[in-house]
Amino acid sequence: MSVQDLTMVEAVNLALHRAMAADESVVCLGEDIGVNGGVFRATVGLQERFGEQRVMDTPLAETLIAGASIGMAASGLKPVMEIQFMGFIFPAFEQLITHAARMRNRTRGRMQCPLVVRAPFGGGIHAPEHHSESTEALLAHIPGIRVVIPSSPRRAYGLLLSAIDSPDPVVFLEPKRLYRVQKQPLADDGERLPLDSCFTLREGQDVTLITWGACVRETLLAADQLQERGIAAEVIDVATVSPLDMATLRQSVIKTGRCVIVHEACRSGGIGADIAAQLAEQAFDYLQAPIQRVTGFDTPMPYFRQEQWYLADADDICAAVKAVMDY
Amino acid sequence: MSVQDLTMVEAVNLALHRAMAADESVVCLGEDIGVNGGVFRATVGLQERFGEQRVMDTPLAETLIAGASIGMAASGLKPVMEIQFMGFIFPAFEQLITHAARMRNRTRGRMQCPLVVRAPFGGGIHAPEHHSESTEALLAHIPGIRVVIPSSPRRAYGLLLSAIDSPDPVVFLEPKRLYRVQKQPLADDGERLPLDSCFTLREGQDVTLITWGACVRETLLAADQLQERGIAAEVIDVATVSPLDMATLRQSVIKTGRCVIVHEACRSGGIGADIAAQLAEQAFDYLQAPIQRVTGFDTPMPYFRQEQWYLADADDICAAVKAVMDY
Amino acid sequence: MEPVMQTVRYLDDQGHTCQELPLWAHEMEPLLECYRWMLLTRQFDQKAIALQRTGQLGTYPSSLGQEAIAVTLGLAMEPDDVLVPYYRDHGTQLIRGCGMKDILLYWGGDERGSAAGPQQDFPVCVPIATQCGHAVGAAKALQLQGRSQAVACTLGDGASSKGDFLEALNLAGLWQLPVVFVLNNNQWAISVSRQKQCAASALALKGMGAGVRSVQVDGNDVIAMFDELTQALEAARAGQGPTLIEAISYRLSDHTTADDASRYCPQEELQQAWKKEPVARLKRFLTSQGAWTEALEQKWLEHCQHTVNSAVQHYLEYSPQLPEAMFDHLYEDWPTVMEDQLQAFAERRQRRLGE
Amino acid sequence: MEPVMQTVRYLDDQGHTCQELPLWAHEMEPLLECYRWMLLTRQFDQKAIALQRTGQLGTYPSSLGQEAIAVTLGLAMEPDDVLVPYYRDHGTQLIRGCGMKDILLYWGGDERGSAAGPQQDFPVCVPIATQCGHAVGAAKALQLQGRSQAVACTLGDGASSKGDFLEALNLAGLWQLPVVFVLNNNQWAISVSRQKQCAASALALKGMGAGVRSVQVDGNDVIAMFDELTQALEAARAGQGPTLIEAISYRLSDHTTADDASRYCPQEELQQAWKKEPVARLKRFLTSQGAWTEALEQKWLEHCQHTVNSAVQHYLEYSPQLPEAMFDHLYEDWPTVMEDQLQAFAERRQRRLGE
């Protein structure tokens, strides 16, 4: 099996090709995903290969895309719907919350709703208004929906295949800032990665850095810098932000006694709050300093000239680590 | 000025009457709010008194209700829109999140968006599916929107008047379980209550109980029971769940060293997580036990035959208090 | 300039034929079947309301006056068609094999009510018009799989104002999906009248902007409804695309048991509407044809009463779900990472039941 | 059965009149004004694209080929009318007094771009079709306040599939609101063609289901557009209710600078479309009437270039917002309870700038 160097968006594309080839019931739908191959090229080649019936350009209507996907999913298909940018997912909320999340629970198992919602999210690519949001916390608050966020080509490939396999509805958020920054050697071996599991990307004894999505990159950078200062940081990519694999996070924090959580979304009501609250409860006797959160501010993502002020960088993370080390 | 004994829903109605009488630019719109007076009678008498132009029954379309309200608000009116049940607010999300929350920020102050979204919320009245949700955390995660939740007739009256005064968009959630359980003597004196402030309903030294909405009732009950056992609980009604008045909460927890947070919504991603995370950080050196949360479970609100299993009661709260006292 | 819709009808308010009947309606048996189901539906509704009044059922939406729509739809559908209902289709659900007990369970606050019925049928849908998206998705699935089945999606006049319906209608026309939208125009969306919902002279005109064949039908005329539904469903199954049927009827009851229509519904209008209701109308026709008698009616009503009563008995005796059932089926398997929730629940249960 | 829409047009593709012109179009000055604004808009678009290509502007949506729609709307509106635009209305914005510098600021990633323009006009709207709700709300406000102003709301063909538009259209018809919907049917929604968006033969047919007067107009014919817009706006101001105008045009550019239309747009179709574009068409007509010459054209183009260049200069030299500006105007006053956010920001700023 040939190994190729792939970017994250290419890895997404590879996983879609594989899933569609393996299972006729997998279909894709969304805006501009067909002949155009998606505005980020994530669906390139799919319509050519699998036809217009299975790779569907829809009218411009996100409520409809979600509603139709639910209808398909409950009728034996496995729809992978694309929301062009996460900032445009809100019209789909009623469908996702009142139906996708509940269809099996409501019918006591008679109907399933195995759909995947793919959406590029996050800032940092100098996009116009509404093209840079990170509102994963909203969906993570909805029981019944799994929310998965890859942060490398390899994890994008393995997690997307698992998301498509999953009989539960999965929201799969792709940090577009990472779409093309890094290539990884990847074989199209179909290897799945587990949902429900955090990934420990780097081990360390001194402090636990918890993050996901595009912030994984800055956090790893920060860990490098900390290393130079003699601080060994453990870096955990949460990856599936709902439901949360607290065991891995808890064990790490019990080990290190110190924790910094990094995310791009605004602070209040972010998933960082949830993790911090649980860790503060579950590792109460082990914490040597208050958990710090490095996040966006409680404002809309500013337009791109100022977005660097909203986005945390490695220095911001290091500063927070310093605070917990010095506490 | 005559003082009347009013229920919470009557207090809401009184505040609406007062606001509409005082300011011509206040208008109400929603489904069944006109001749029917609202399915909970909150808007009774308004259309008769102020006419169909200012009290508008809309077509059945929540996206439209929100969109039109934003258009009105940006054009000099002060719309008070009703969402019939919070379970039906999701079609309004795109409008509230991408526009109401941002219109002033986006136009650098040129346009305002002074609207109020009223919605009954929460369970406990044996309603059908989707009529019992508590998803206040979703809106609390959106910078630019204030989320206010009264828990008594007096606070409903004073906070609603402040919400209508506010030049910011306010989501005003009315715990329908409390609509008619209690009467309070109320004069139509126009007295506002501050947004941005918690209300300390009961003082105590031993433990801080933090809650809002319908759970205030159970929490006060629990505080009574705890009193009998010699535990003096401080009970705080958060009231404005976004933005959060952390100072009041922090001071109380610093004083008591122990904290239990009670809410009806599911646990993960609930506002309790946010409060707990902040308190664990800000009162780190004062906490004598991990903060406990007494909440709904991470499932949809079950249909009404089982909803009592989802809703926390005074015993559940007392049990959590016992845990923090015994820690 | 606005095109005028003709309302299809065969029986006038008095039950006299007002145009040549379709061939199938020359036989009495199909019409008798409709009639019997309408009576049964009405009996069921009455009983459900009585249960609610006595605290044995939750909020319940009666279909009084609109039984012809539900029943003709149920009878026009093939067993392997897909029903995507809203919440006022008890007649259709019953015909498709959903038990009365199950319908009562649902409105009695028990999730198991939606476990019943044909595997492919969708459950009762409460968020208005959202089912329309599901219907086009299900229809697309059938189209893709090369099946010749149809999807029937019901909705109310209020629902016709909500984007979900309009977006789905557009897709149905665009992709020529095998779906029939049955719009129960019962003149009210709770307290909002048809006139306050839409300025178009017919709601069926909404099909025009979506390229969907549309027809307005007297929804209290069983013959017209059954005929149009059969044609539309056959067209769908034959790959000839979607149809929108606006069925004109009237809600003779409160919106639900939680509503009091006397607050907003003009008394004379209601009285007028009673003169057009579908059961009496069909009865007059059947009687005039010698196909129905008071004796048959009494016998059938007794049968209905018996059926309903034993279903109610079954419902009332049905053992409750376990409290922990709320966790079931939410995920395919309860995620291990969420076991602390089960633990917390077990503690709550222990505390409350001492078990 | 489906009603056929006639497309209103006065000038054919070659700029010849194809029916008797409205009276106002016998004068050349209004048409010259349109023409000059169209050229200016086109020059501005070109410059904006050039700025984007050189990293001095963000993603930008050109209005190439659709200038007639934007310009006639701008000229047909009264200053105190309300514009509720989408994002491809640069021509209209310019005419209404929004500076080129401001438009560039907006697309250059600076919020201050939306501070400009008439007080009552809405800012550029990115979430598709959401502006339609605002338009009916604004129109209701005018109606309530007894004002005789009109609201003009623009949207694309793609937007016509989204519930927001359809719900708003319904309300406009229902409440007879003073609003004109101007649907720029440029045949594409990014890569999705008009045919893949809706099966109806005309998007204007969507007005039928809402009881809204609707008309399909050749959107590249300045005379037809200005005439229909003027009538519709006057009707709105006079309390005669809303109008939906479907303006048939063609997007001659990429969707935005982030798009590559060659991936999906058939080359011949594009070539055909160039033959119908509005600027050349009006120029031929004006020239044939002796109202325009190459010399005038050159002079005007120089003027345009000068105007655009000095606006660009202004834009490029405009001092940036302070970093903390992101907190401004979010709340009327920054809530004291959120001061820790400002504190955290100050620390970040201090760390990064050492200030």
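For reference, chains read A, B, C and D in written order, and residue numbers begin at 1 within each chain.
By definition in this document, a contact is a pair of C-beta atoms (placed from the backbone, for glycine too) under 8 Å apart; a residue touches a chain by one contact, two chains touch by 3 or more.
Remember, it's a predicted structure, so these values are computed and weren't measured experimentally.
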Remotest chain, subunit C as reference, centres from CA atoms: D
Winner on C-beta contact pairs when B-C is weighed against A-C: A-C
Whole-Å separation of chain centres (CA-atom averages), subunit C against subunit D: 44
Computed distance of Cα centres, subunit C from subunit B, in Å: 36
Chain centre separation (subunit A, subunit C; CA means) in Å: 40
Approximate Å spacing (C-alpha centroids) for the pair subunit A, subunit B: 31
For subunit B, residues contacting two or more additional chains: 58-59, 61, 63-64, 87-88, 90-91, 94, 98, 102, 105-106, 129-130, 143-144, 243-244, 297-300
Residue numbers of subunit D (touch at least two other chains): 111, 126-127, 161-164, 167, 170, 174, 196-198, 330, 338
Contacting residues of subunit C [partner subunit B, same complex]: 58-59, 107-111, 126-129, 158-159, 161-163, 189-192, 196-198, 258-259, 263-264, 320-321, 323, 325-327, 330, 338, 341, 344-345, 347-349, 351-352
Sites on subunit B touched by subunit A in the complex: 63, 87-88, 90-91, 93-94, 97-98, 101-102, 105-106, 129-130, 135, 137-138, 140-141, 143-144, 242-244, 265-266, 268-274, 276-278, 280-282, 284, 287, 289-293, 297-300
Touching residues (chain side subunit B, partner subunit D) in the complex: 27, 53-54, 56, 58-59, 61, 63-64, 66-77, 79, 94-95, 98-99, 102-112, 143-144, 146, 166-168, 196, 243-247
Residue ranges of subunit C in contact with subunit D within the complex: 1-3, 161-164, 166-167, 170, 173-174, 176, 196-201, 203, 205-213
Contact set on subunit A toward subunit D in their complex: 31-32, 34-37, 39, 57, 59-64, 87-88, 90-91, 126-131, 267, 297-300, 302-307, 309-310, 312-313, 315-316, 319
